[in-house]
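For reference, chains read A, B, C and D in written order, and residue numbers begin at 1 within each chain.
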Amino acid sequence: MNTPNSPIADVQNTVDTRHIAINKVGIKSIRHPIKVQDKSTGVQHTIAMFNMYVGLPHNFKGTHMSRFVEILNSHEREISVENFPVMLRDMVAKLEAETGHIEMNFPYFINKTAPISGVQSLMDYDVTFIGDICHGEIATSVKVVVPVTSLCPCSKKISEYGAHNQRCRIEAKVRMKSRIWIEEIVRYLEKAASTEVFAVLKRPDEKYVTEAAYDNPKFVEDIVRDLALLLDGDDRISWFTINSENFESIHNHNAFAELTRDKR
Amino acid sequence: MNTPNSPIADVQNTVDTRHIAINKVGIKSIRHPIKVQDKSTGVQHTIAMFNMYVGLPHNFKGTHMSRFVEILNSHEREISVENFPVMLRDMVAKLEAETGHIEMNFPYFINKTAPISGVQSLMDYDVTFIGDICHGEIATSVKVVVPVTSLCPCSKKISEYGAHNQRCRIEAKVRMKSRIWIEEIVRYLEKAASTEVFAVLKRPDEKYVTEAAYDNPKFVEDIVRDLALLLDGDDRISWFTINSENFESIHNHNAFAELTRDKR
Amino acid sequence: MNTPNSPIADVQNTVDTRHIAINKVGIKSIRHPIKVQDKSTGVQHTIAMFNMYVGLPHNFKGTHMSRFVEILNSHEREISVENFPVMLRDMVAKLEAETGHIEMNFPYFINKTAPISGVQSLMDYDVTFIGDICHGEIATSVKVVVPVTSLCPCSKKISEYGAHNQRCRIEAKVRMKSRIWIEEIVRYLEKAASTEVFAVLKRPDEKYVTEAAYDNPKFVEDIVRDLALLLDGDDRISWFTINSENFESIHNHNAFAELTRDKR
Amino acid sequence: MNTPNSPIADVQNTVDTRHIAINKVGIKSIRHPIKVQDKSTGVQHTIAMFNMYVGLPHNFKGTHMSRFVEILNSHEREISVENFPVMLRDMVAKLEAETGHIEMNFPYFINKTAPISGVQSLMDYDVTFIGDICHGEIATSVKVVVPVTSLCPCSKKISEYGAHNQRCRIEAKVRMKSRIWIEEIVRYLEKAASTEVFAVLKRPDEKYVTEAAYDNPKFVEDIVRDLALLLDGDDRISWFTINSENFESIHNHNAFAELTRDKR
């Protein structure tokens, strides 16, 4: 134990003799306000959940957890997403590490226009920025989750009338060679569905999306394949993993399809 | 601090001078295996999450948390649901309390037969037993959550073809004058939907449920009203609160309706 | 079905003959950006999850779900919390209802100063505004959830050294006669704990909070009682229900205490 | 659409021309009762959540989702874990696939004896069996999550008295060359902690675990390193990834460490 006037011991900084390096060590599930660049309105304010880790060499007993949180608090109140690579460099510098990893998950809002009435409303999407730094080299990817409608081709084909449909969740994680807007990735995912969804639909819009879904039936298999074709066609994307999950309206379980592609 | 050989102090048992009684104190979110009586197969084994509380008079500093867990472990390995009133009496006796409350939430399985093919499969339902004891008087209620299909009457009416439909969650909490099987409550909820759901549906079954839902469109409002009529008609039920929640296939938010009725 | 040129039918507006009024009907789990007045910085931007319901008289078949979402989108992009009563009045007016209910749940950030080092960092709190309107009369309440440290008095008393402690979650839902800042309610909850928590603690701060918790042991029972005394002493508060939940460090289940008080 | 008397079309079985194979397609989040072999009592009944996927060749439009659920229902009511490899073979056979993947997550109970009083009580652990089959070759791994106590070495070192401690969650996913009981993996994880946790602790036990934790302080870094040493020493284990997460008692965020090791 400390005697009252001694300097406070730095336990984390002591030597470790187990000879075991740790891949990732840091803080998990901390919330902080952020600012994200928005294709249409310039900037939007939102709230992110962060995970921040560094690699720990075998000879150190522990990392300094408070420094991770200090990085979050070292900017103005809101962290700007443009600073994401800066945060990665900062983190490995302040923690004297060679590798680092940051995940930053936040709701992102896009103002959508209903297809017939033209009424506008905000839709929320789940977005995650994932960054890795290794000896100064940075690699980032983006994950976007988009709710859509899927309508079952089998149910449509075999039934006299109607077809079961449901909310479906499409997820894409992509690595890029050059910048793509969140809005562009969201569009790819919405185009791969039976139809996209909206926060406000007036009756003429509801008629439109109902018929549009019926005209465009898709299995979860179709959704990931059509999305793969769209992402294959965008040269800015070098790698992706995508999945589609139906909250089946006729079951209490989900239908799921997943596909990974390295374009290099 | 204790001296090594003194009897161990009972801090909870000391006098409290703040003159504040506590409505509920106990343990929350503890899992334990249970046995439930099953209308068709006699008994089924499942896993319950328990909350167990007693009222604490103003003059006691604390309750004895370990005694709650001892009650769970005082039966054979699996707790039998028939012992639910016994558990309530045990709990207030062992904790020297005048009031007590137990919640016991578990998945319950029913073997269902697909409507055309006759294929059988297990469906899971969420069931909660809730018991209150007050000066020896016991009151119990049961909450049942049932996944179903709902199909939108407006979408059907205004569209040339198709109609949006989705997974819907119906919940009923009921107080009874005499015993009702879980299976009977589940049936009421499934009857109030556009159509019920199954774990296995072969193609002729899928055709059947698709058309059945289209033939029976219901808003969340219709579902709670039709369910209210069914529960009104069962004299064993004295009180209920019910709700219906659509995971809308055309939105990223839910439609919701709730209705409470005291039949006494 | 509609013929192409007929006006689109309004199914919701048709007469219902089941003679059953519905307590609450509307939309659930929709996210939207908001602005909240902040005691220190003027205003903060955050993201809220909304539930919005009205009462439906027995003679109407359905409510108009899209109008709820239009209310959310009728302000500038971000909804201002000062408009909460306005939203309630708007909602019952636009939906031609006599009763209405809105819940609005959001993370709220407070800049805290570490006790010894003075380092500043943002802490997140969960806040919910709940409003009811009935024939023009509005009643609102606020729910605040605060993470703190609790240290067990029994463990401290009976052990030669050390004492088990853990993250604890205190929740208060209060009704007010006159305005109270979120920051003030948070302070009451933090004062009722063994010690408050911070996002950044440097080593001298960690020493301070460790010793402070050891000097101030509290059961969940003590926390709700001490909090009740604090809320009893504030004349702006007319009613409250509070609870405290320990994520016990020595168990896989939680300790819980709840207390409700009507001061009128 | 079907004419009434035609055989029902098999849409899934039609040819796909997009030339895109799908890595995983199947059902997600379906619950079913299971039986697990138990080291001490022979067998225990519990409830599992299943994900079941196969690879889909590029030339098929879709998989047959109902067949996955039929496999779950083709055994007696409860699926026996010994049948896990059989289920994998069954699944690829029935779905005419070359690769398959099953995840099966369930609570598992172990009867533990309190360290001083000897009182017995059941503790719940989260276990997942993961199986892959590829051209007849099966590879399986097991993931076990164990709640424990961790006590901070820094807080102990720098404070005059006390030390912050908290519930910690240790997770290990291991691949094995020969069989290991769930109970054995659980023991490794509990040994790596400051101290293990129990459902029932009487006062002498609480004194014991409080002091034991204080005598054995560990960072999340220490826990994964000590666990790595234990798993390194067991020749039945060929590969593992482990992590440790502290629900910090002095913060509203978590401390986390992760380590992966291939022993081959």
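In the analysis below, a residue touches a chain if its C-beta (ideal position, glycine included) is under 8 Å from a C-beta of that chain, and two chains touch if they have at least 3 such contacts.
Note that the structure is predicted; figures quoted are calculated from it, not measured.
> Examine where the copies chain A and chain D touch and state whether the two sides share over half of their residue numbers (same) or under half (different).
Both copies, chain A as well as chain D, present the same residues to each other, with over half of the numbers appearing on both sides.
> Could you pull out the chain whose C-alpha mean position is farthest off from that of chain B?
Here the answer is chain A, farthest from chain B.
> From the C-alpha centre of chain C to that of chain D, how far is it in Å?
Going by mean C-alpha positions, chain C sits 34 Å from chain D.
> In angstrom, rounded to a whole number, how far apart do the mean CA points of chain B and chain C lie?
It comes to 25 Å between the two C-alpha centres.
> Out of chain C, which residues touch more than one other chain, so two or more?
2, 8, 30, 69, 124, 154, 158-160, 199, 201, 203, 207, 252-253
> Given the complex with chain D, which residues does chain A contribute to the contact?
By the definition above, chain A touches chain D via 1-2, 4, 8-9, 11-12, 16, 18, 20, 22-30, 51, 53, 56, 61-63, 65, 69, 153-154, 156-160, 219-222, 224-226, 228-229, 245, 252-260.
> Could you pull out which chain B residues touch chain D in their complex?
Where chain B meets chain D, its residues are 2, 8, 10, 30-33, 41, 44-47, 66, 69-70, 72-73, 77-78, 107, 109, 111, 119-122, 124, 199-204, 207.
> In the complex formed with chain B, which residues of chain A make contact?
123-124, 147, 149, 151-152, 154-155, 158-167, 195, 197-199, 201, 203, 206-207, 209-211, 213-214, 247-253
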